[in-house]
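Have a look at the structure that comes next, please.
The letters A, B and C name the chains in turn, as written, and every chain counts its residues from 1.
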């Protein structure tokens, strides 16, 4: 029982972290709160599905291709939709929000709503750990979440590109003056964010069917994890997903499945109200340069 | 002996690793004018932010008229009588210039001091603008503030301070970006403010003009107060010249 | 050297516009017409429409109700935005108003005459209290919390089964008479519209605008901006909670849909299409969008797609919105002029 709880809590945490990582990265690097994050996740799922079922590609190839395609799409979205309104927070939010809703509702209209829409797992089958049966896909999700977190941390702290991007996010003008081009950086961060959203999609979606409302849910989950951990903090992302992951499992086991959503929505509201910088965020009230 | 109007002791503030203000103390008597100078990044603006409450100090104490205002909310400090201008003058872009002044003129403090003559606010705003050198009959006061040239913005900043009828006026690099003639027109106004008994604190890089107004001066370097005294005495000190001319920094006095 | 004649369009501000932007110096009957015609047409249309039950049909009168409700939510949005608070969840205000009115009449049998004013007032206070903690933050934090709050409240009501749970509360007493109902709604819309326009250009409203443009300068003038923002939220919540309470009695039902995202997206789209900052813009947007949305109803969720694409298009392509655009055109005369082009070769 306890091991069951521990393991499934861990799986859930990994799912949350993987879902949130793209959103958090984009926000941390370019300051864009990508409200279309969930829509990207959903789109990735459907693209992978179509590549497999219409073009008959092998699942692995289809999934890799999806990640690449989505990365390009993310960059294009920056070029076409975000660049004209860059810097105007309201317009950035509205544009990504509108795009997200348009994508999600487009799939709904096209009738992508049935049990046929699901992705195959990477590896079928399951294994028993400490007396708990767990399928390989869930283990793979934990693995991918860890690898990506490590990669990101390395990327933003030790590679030139990553450092440049972080510099950008911290002080646009200074970064500009030492030759880091802001549009390039932001485009890259959106592309990366979209690619990560699709990694999450192809890894997580095989656990169930691709349901349209995931488009909204994933965004809210990403928001909850990032807000709790502190927007733009990698460590926060990690801890935030663990807390929320276990909290959701506890709530839905003891209170009923409908409480899972209450947990992450409640987390957004409560954290913003009480400690808006989250657990590890750097936001300080008015302590900016005057 | 006259009580100091403001007394600052052992003020410290770090941002991450940088000690922006490092153990700064000074006091001013009512009607005195203080100049704060120092190289770029020496912590002048931070000191002002600490006094006006926009940044909370890590350590130290600020007494204003005997009241401890350390860490108090900035709007409360204003209402006690300390007004400040900003180095980066950002107006309310979408409002006409005189409307920019309506906000400070109808603020709690100004209303209390001026009495509640609401109808006259526009007139009062235009009058204030005239005082800081906006020509009354020109179109300028009615233009959108976003369209003003830099020198005018600076004077608008000054007017915003004066509208509050403060006891202490703190000006952060008022002269920078102003033309010679603009400065020349503002200096007499500042001298008059001083004569009226207001206390002035000015951060400046334009020393010649600054010295016409102030009584004493503080030199900051790396957040520390490295000299204090009469302008002509201070400027000849070794440490000050080296801080300005950029020779090696000596630590410890 | 040769010259050739060509034509180009010339735009000239109309005389009356040149003379003054908002103080009108009337020189002729034509000027007078020019100034009051747009307002008169709108007000006349509003007065006459409710009387046309037989011509327009009940169905479209209901659309009119929805349109007016969205206008109220849009006006509320615009006032918040004037104080620099960007709301992504007007459904929050709407739902709070709805539920208070619904509960009072479901549980205690109050008549709409009492529930609506109570829900408006108490609801707005509750909204202000709820949002108070985030008002000290800048940027998108206010938007995020308003986005999450209505969703959370809906899920909470479903999960805890309070306030009627998933089924909601039905069989609420209606507001009698379609015509009277519409007049009430229109009266509130006009009151809010003109009230907000006045408010925002008053000295008090200037403080709101100041907070939007440069909050530090407002603090430096000695204002407690958190308190002012709280007031802005309260005032802006009034029409929105009213709309919620009104709709509760109009549909004779309150349920989780009161917190649906529609009530956040529709007013937002209306404002973006019509133009923020003018109040009339949002109203214009709603008047265009809501009937359009009815016509598109048969297309199912394609309607939402079109909606969001419009939102996207206007927010990128015409950020000032339709109203300012139309207004500018209205106060200009366009005519062809001949010009001599001189070419040196």
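The rule is simple: contacts are C-beta pairs under 8 Å (C-beta built on N, C-alpha and C of every residue); 3 or more make two chains touch, one makes a residue touch a chain.
None of these values were measured; they are calculated from a predicted model.
Across all inter-chain contacts, the pair with the most C-beta pairs is A-C.
Distances between chain centres, each the mean of the C-alpha atoms, put B farthest from chain C.
Computed from the mean C-alpha positions, the centre of chain B lies at a distance of 42 Å from the centre of chain C. If each chain is reduced to the centroid of its CA atoms, chain A and chain B end up 47 Å from each other. Chain A and chain C have centres, each the mean of its CA atoms, that are 33 Å apart.
In chain B, the residues touching two or more other chains are 54, 86. Shared interface positions of chain A, defined as residues touching 2 or more other chains, are 286, 290. Among all residues of chain C, those that touch two or more other chains are 216. Residue ranges of chain C in contact with chain A, taken from their complex: 81, 86, 88, 133-134, 136-137, 139-141, 143-145, 148-149, 151-152, 155-156, 158-159, 216, 265, 268, 272, 299-302, 304-305, 307-309, 311-312, 315-316, 319.
Those residues of chain C that touch chain B in the shared complex are 203, 206-207, 209-210, 213-214, 216-225.
Chain B meets chain C in the complex at residues 52, 54, 73-75, 78-79, 83-86, 90-95, 99, 102-104, 106-110, 118, 121, 160, 163-164. Partner chain C is touched in their complex by these residues of chain A: 33, 81, 84-85, 88-91, 93-95, 97-102, 105-106, 108-109, 220, 223, 227, 255-256, 258-259, 261-262, 265-266, 268-269, 272-274, 276, 283, 285-286, 290.
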